[in-house]
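Presented sequentially are two complexes of chain A, the first with chain B as partner and the second with chain C.
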Partner chain A sequence: MSIIKLLYRNTLRHKLRTFLTILGLTIAILAFGLLRTVVSAWYAGVEASSASRLITRNAISLVFTLPASYKEKIRQIEGVETVSWGNWFGGIYIDEKNFFANFAVDPKTYLKLYPEFILTPEEKLAFFRDRKGAVAGRKVAERFHWKIGDIITLRGTIFPGNWDFVLRGIYRGRYPATDETQFFFNWEYLNESMKKISPRRADQIGFYIEGLKDPDRAAEVAAAIDASFKNSIMETLTETEKAFQLGFVSMTEAIVIAIRLVSFVVIIIIMAVVANTMAMSARERTGEYAVFKTLGFGKWHIAGLIFGESFFITMTGCALGILTTFPAAKAFGDAMSAFLPIFHVSRQTIYLDVVAAVIVAVVAAIIPTYRSVNIRIAEGLRKIT
Partner chain B sequence: MESKKPLVILRDVCKTYQRGSQTIPVLQDINLEIPEGEFLALMGPSGSGKSTLLNLIAGIDKTDCGTITIGGVDITTLSETELAHWRGLHVGFIFQFYNLIPVLTAYENIELPLLLSALSKKERRQHVEMALQMVSLTDRSDHFPSQLSGGQQQRVAIARAVVTDPTILVADEPTGDLDRASAAEILDLMERLNTQLGKTVIMVTHDPRAAEKARVIRNLDKGYLNVHHQAAL
Partner chain C sequence: MKIPVSYSFRNLWTRRLTTVFTASGMALVVFVFASILMLSEGLKKTLVETGSYDNVVVIRKSAGSEVQSGIERFPASLVETQPEIAMGPDGQRLVAKELVVLINLQKRGGSKPGQVVIRGITGNSLILRPQVRLIKGRLPRPGSSELMAGMSIAKRFQGAGFGETLRFSMRDWKIVGVFDAGNSGFTSEIWGDVDQLMQSFRRPVYSSILFQLRTSSEFAKVKARIENDPRLTLEAKRETKYYADQSEMMAKFLRILGMSLTVIFSFGAVIGAMITMYASVSNRTAEIGTLRALGFQRRNILYSFIIEAMLLGVTGGCTGLFFASFLQLFTISTLNFQTFSELAFSFTLTFEIVYKSILFSLIMGLVGGVLPAVRAARMNIVEALREG
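Now for the complex of A and B:
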């Protein structure tokens, strides 16, 4: 017989209680893992951002545009290697529920700055050549069963009218964190159309993206860009891509904080549940622990039995919780792909699950252990019925 | 017998309990010597302090004054951890209600104190099988306590108590929860442990029939140990 066997048998002494505690733990770890993944998904854009890219926008607000003429001036600034630009298009595909991000971009410079969007050379060439051409991410293409050559019509919200695009490429992400749910088309197509429909809105750019020669000089180059347009009609605000993405996240920070809080509350609740189970188990076994002490087992042995049981229950729940997190995250991610395009259970989340489970196991066992270890043997033996 | 060196020596032992603000004396001025190989019965009315005295000798309770020397070791000076280690080596305890671990089989219950020793699994098996044979329960080794009768459970408890080959065996009302036939079996077994294996047995009992098995009977009354009484053999 080994102590592990004894722990196992002790754990299964009250099968229903143990089952319910493990079930609670599994659900708590699953919920904790999913909530942490939601938080990670929220920051996916920040994580995927590059240190070698700057974003320039209108200093007043992102909703205001900048003149297209700025690009030449930006290009001349020391430290800037490549300049690209784009507009948030905000088009709707058939129905509003079919949301995905869509942008008008300058194809050549944009794809140069975003090597993480992988297209075949043929797809790239076709995209560059066709003014009405567009590329879509793998996930969005799969979602709507698009094939190369399909005509895709988006209903404009910011730019009115129905806009037809020919799908010239389907990109794949280079990294797991690369967003594969976006849709890009040629900015020239938008601009030429606006010149006809609403000339006042032509030659306007939503944001510039600058590729840097040296990422270490990002702050210096950003300051130089903004200084170039200081006291102009449309002043600029330039920041690193990471800071730009964080700006978006900060708009919804209250939600992220709430999600984080809920994830910790879940752990605190399950901590109370496991502590209750352990307290009941230890109280019921006070007499047995006294017998163990009588036989020569010391305080550390008793502590080992209680902590061992707590760990046994908690780690079983943790393992089941982690195992169920993956399919649950897949289902959740698929359902929410339009809003949370990157929804992967990260290694860090798994580590956090394990750390949370260890904390639950330790905290739940402390008080029962203290009581059981410190009770006098004679007093403990009297508790045997 | 008188010429034998005392194994257990109690000098001026006293013990009190605290009930609220009230201090209740349980044992007073206890002086006792138990030679090696003795079978001693401690008798006395309820509340006389006999179980407390047994607990003090077994090292599971602490004295308020006096010394208890067993096999040359003054156990009143040992720390909790040292005392636990000492108990594991030198004391076999037999309880009134057997106190077997319900989730362990008879075999595993007997093996339990051996887990603290440096014995290999094979050596542990040999010891346990020998103990099971001694209490005639070889065929019940895989049974859980709930599958055994009271008498069988007490025999398992005795096997557990002797499996480490302790210096002293202490028994607190070992027949108190048994029918007459089972009680007789247990007492015979304890007598054999004393006579055949030379184990020093200290037994607390209410039962005069049980006490008859002892070589020496000592009476406790209101915390005092009365005069020595040699049992008729």
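Now for the complex of A and C:
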């Protein structure tokens, strides 16, 4: 007798119930996958950052700037190859809803340190030549339908006034994890304008980025940079780009923890639903199992029947859930691209989906199996549901 | 004639295992539903208590928040002379020119960083914010390197506790007091003398000007005057509005998260209830036939099953709510994306949330139970009796 056939028939005996359970599982796996992807999107900045770049900023906090004269001093430090610098601009494009990250940077050194931003040589040259030039990531450009040569106006929040930029390039990311939602422009434009508007705030730099000759010596070089500005009015804090990004993420840790917890709650809820289905199926078949036992089938056989059915249901739901995760993640990622620039389903998430489904299948089958296996034959035959 | 409620109740009791599974699924959904409502409520409460309606905050135009803003001394003194500003008990104008910056501090028990708001205050700052109460030590003396810390900062950050010392800007700052500002955002701040802080940070500009209105209705007048003055590039907002704007993004985030989770989760729970109720109906086919034969109407059967489903829902709802109420003991502290600073708020349970959650669980039970109940009610007497 083919046990597979029996399993299949058993599963389809209550079509409506099986369908509802599979539907529930599909939704749960979909939700679990999406929540996990949100968590990994949160850490995307950390993943994409390089260990061979250092970030130097004012030790008090990011609100405070550093003098522009520091760049020469940093350049002299052993182990530093390239020094670039920039300011967080925090400009608003038309409305606050249209948020994207925007920086003033030193074009040549910045692009040298970020080889993952791909621009054509012509675009690069045009950007270097135009003081009002700017470069935007592919995703922002698509979002606002920008073309090269367009004039983009940002309203300054930190630097007052309206600022016009000419879009000179649209960069693509070298890796899938590269952030394609940034916008950067020539630091000289910002600095020269500040000299006119508010001279006190000119020649001030938000952060320095250092490219290293040897990434293994990052800690040493970072300590050397900080030591050279120790006990000055503007002390510095230097860390690897990864640590810098991780610092940000850890401040929003509470949210990440909440999302993680909720993703487990989803699995527990569906566990209750599947366990319920299995308990009902097993209870209805108590008489049949007793017949099996009378015919001489062992305990393992009956356990196999219940576990098999449980796995059949969960695996079908899991497969459907995983299949729907991709289009759902795409839609969700597009809608939330302002908050979570990188949103793609990782392989690890898929593995976790499967693991979760297996756990649900096993847990759901345990109690019904225990009951069915341990009931005495006579009792089982007599039992009316 | 009606079928007594106890019949429904006993049915649930007979199938305990199934009832426990289904109800616990619903309990978890209600738990999540209630906890997100409690979180939003906590955030709202924090914001409402932070601002007071008659206070006006002046910041640089389109700066968005105090941290991004900067007001030079000359424009600040122009704002200070507006006639709509209320007078204090000593005849002084109730204006506070303040400095707001962020500093990095390490959390206690670990090396995790946090960005904390440090506010330079003047004597009037305390009068304008009556919710701030000193609970330990004394106020920082003007002109000295002394600070006082909000309760939640003192508890959670290294060097911010009473009697401890913080070091920044080449100076040691002694914490001489700890204050409590209720549920308001000020509990997550550190306060010190504005002139001392401006000096040590080398930042000779104020961040914001706060004043109290002489009469509440004069807001529009003073707002128009400040914003249209060609010498000023400033904007004025009521303090309540200002703080609501500050955490708009956070509130929106919570709302979206809460709504989508609730919808997805309740789907799962409704399916669970539906499975249980369908099984409950098909197991009792003969019983239903008997009831019908005894003269109970289709309507009675329908109601009986719906009541059973709703009982199931309400059991789950109460359990979920019971566990959610313990969340009130926790405080969430996270980074507010808009201001880049720490914001602490706690889960708050209100009567409205209780009744919303119970209603929600009833609806889940109802939605899950309607289709099975209809099937039960439409059964043919003879066929039903023949089964079983």
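Going forward, the second predicted complex is superposed on the first by the 382 of 385 C-alpha atoms of A that agree within 3 Å, B and C clash if a C-alpha of one lies under 4 Å from a C-alpha of the other, contacts with A are read in each partner's own complex, and residues count from 1 in each chain.
By definition in this document, contacts are C-beta pairs under 8 Å (C-beta built on N, C-alpha and C of every residue); 3 or more make two chains touch, one makes a residue touch a chain.
Not measured: the values here are computed from a predicted model.
Taken together in the superposed arrangement on chain A, chain B and chain C fit without clashing. When both complexes are overlaid on chain A, the residue A:20 reaches chain C alone and has no touch with chain B.
In the superposed model, C is the one of chain B and chain C that contacts more residues of chain A. In the superposition on chain A, A:298 contacts chain B only, with no contact to chain C. Of the two partner chains, neither chain B nor chain C is touched by A:149.
Residue contacts after overlaying the shared chain place A:288 against chain B, while chain C stays out of touching range. Shared-chain residue A:121: touches no atom of chain B or chain C. Applying the stated contact rule after C-alpha superposition, one finds that A:199 touches neither chain B nor chain C. By the touch criterion defined above, A:160 reaches chain C but does not reach chain B.
Judged by the touch definition given at the top, the superposed model places A:92 against chain C, while chain B stays out of reach. Vertex at chain A: the C-alpha centres of chain B and chain C lie 90° apart in angle, rounded to steps of 10.
Nearest C-alpha atoms belonging to chain B and chain C sit 12 Å apart in the superposition, given in whole angstrom. Chain C makes touch with chain A in their complex at residues 17-18, 21-22, 24-25, 28-29, 31-32, 60-64, 67-68, 101-104, 112-115, 168-170, 201-204, 233, 253, 257, 261, 264-265, 267-269, 271-272, 274-276, 278-279, 283, 332-335, 337, 340, 342. Interface residues of chain A, counted against chain B in their complex, comprise 1, 3, 5-6, 9-10, 13, 287-288, 291-299, 376-378, 381, 384. Put simply, chain A touches chain C in their complex at residues 16-17, 20-21, 23-24, 27-28, 30-31, 59-64, 90, 92, 96, 155-158, 160, 200, 231, 233, 235, 237, 247-248, 250-255, 258-259, 262, 265-266, 268-270, 272-273, 275-277, 279-280, 284, 339, 367, 385.
Put simply, chain B touches chain A in their complex at residues 52, 55, 58, 60-61, 80-81, 84-89, 91, 93, 95, 97, 99, 101-104, 107-108, 111-113, 115-116, 160.
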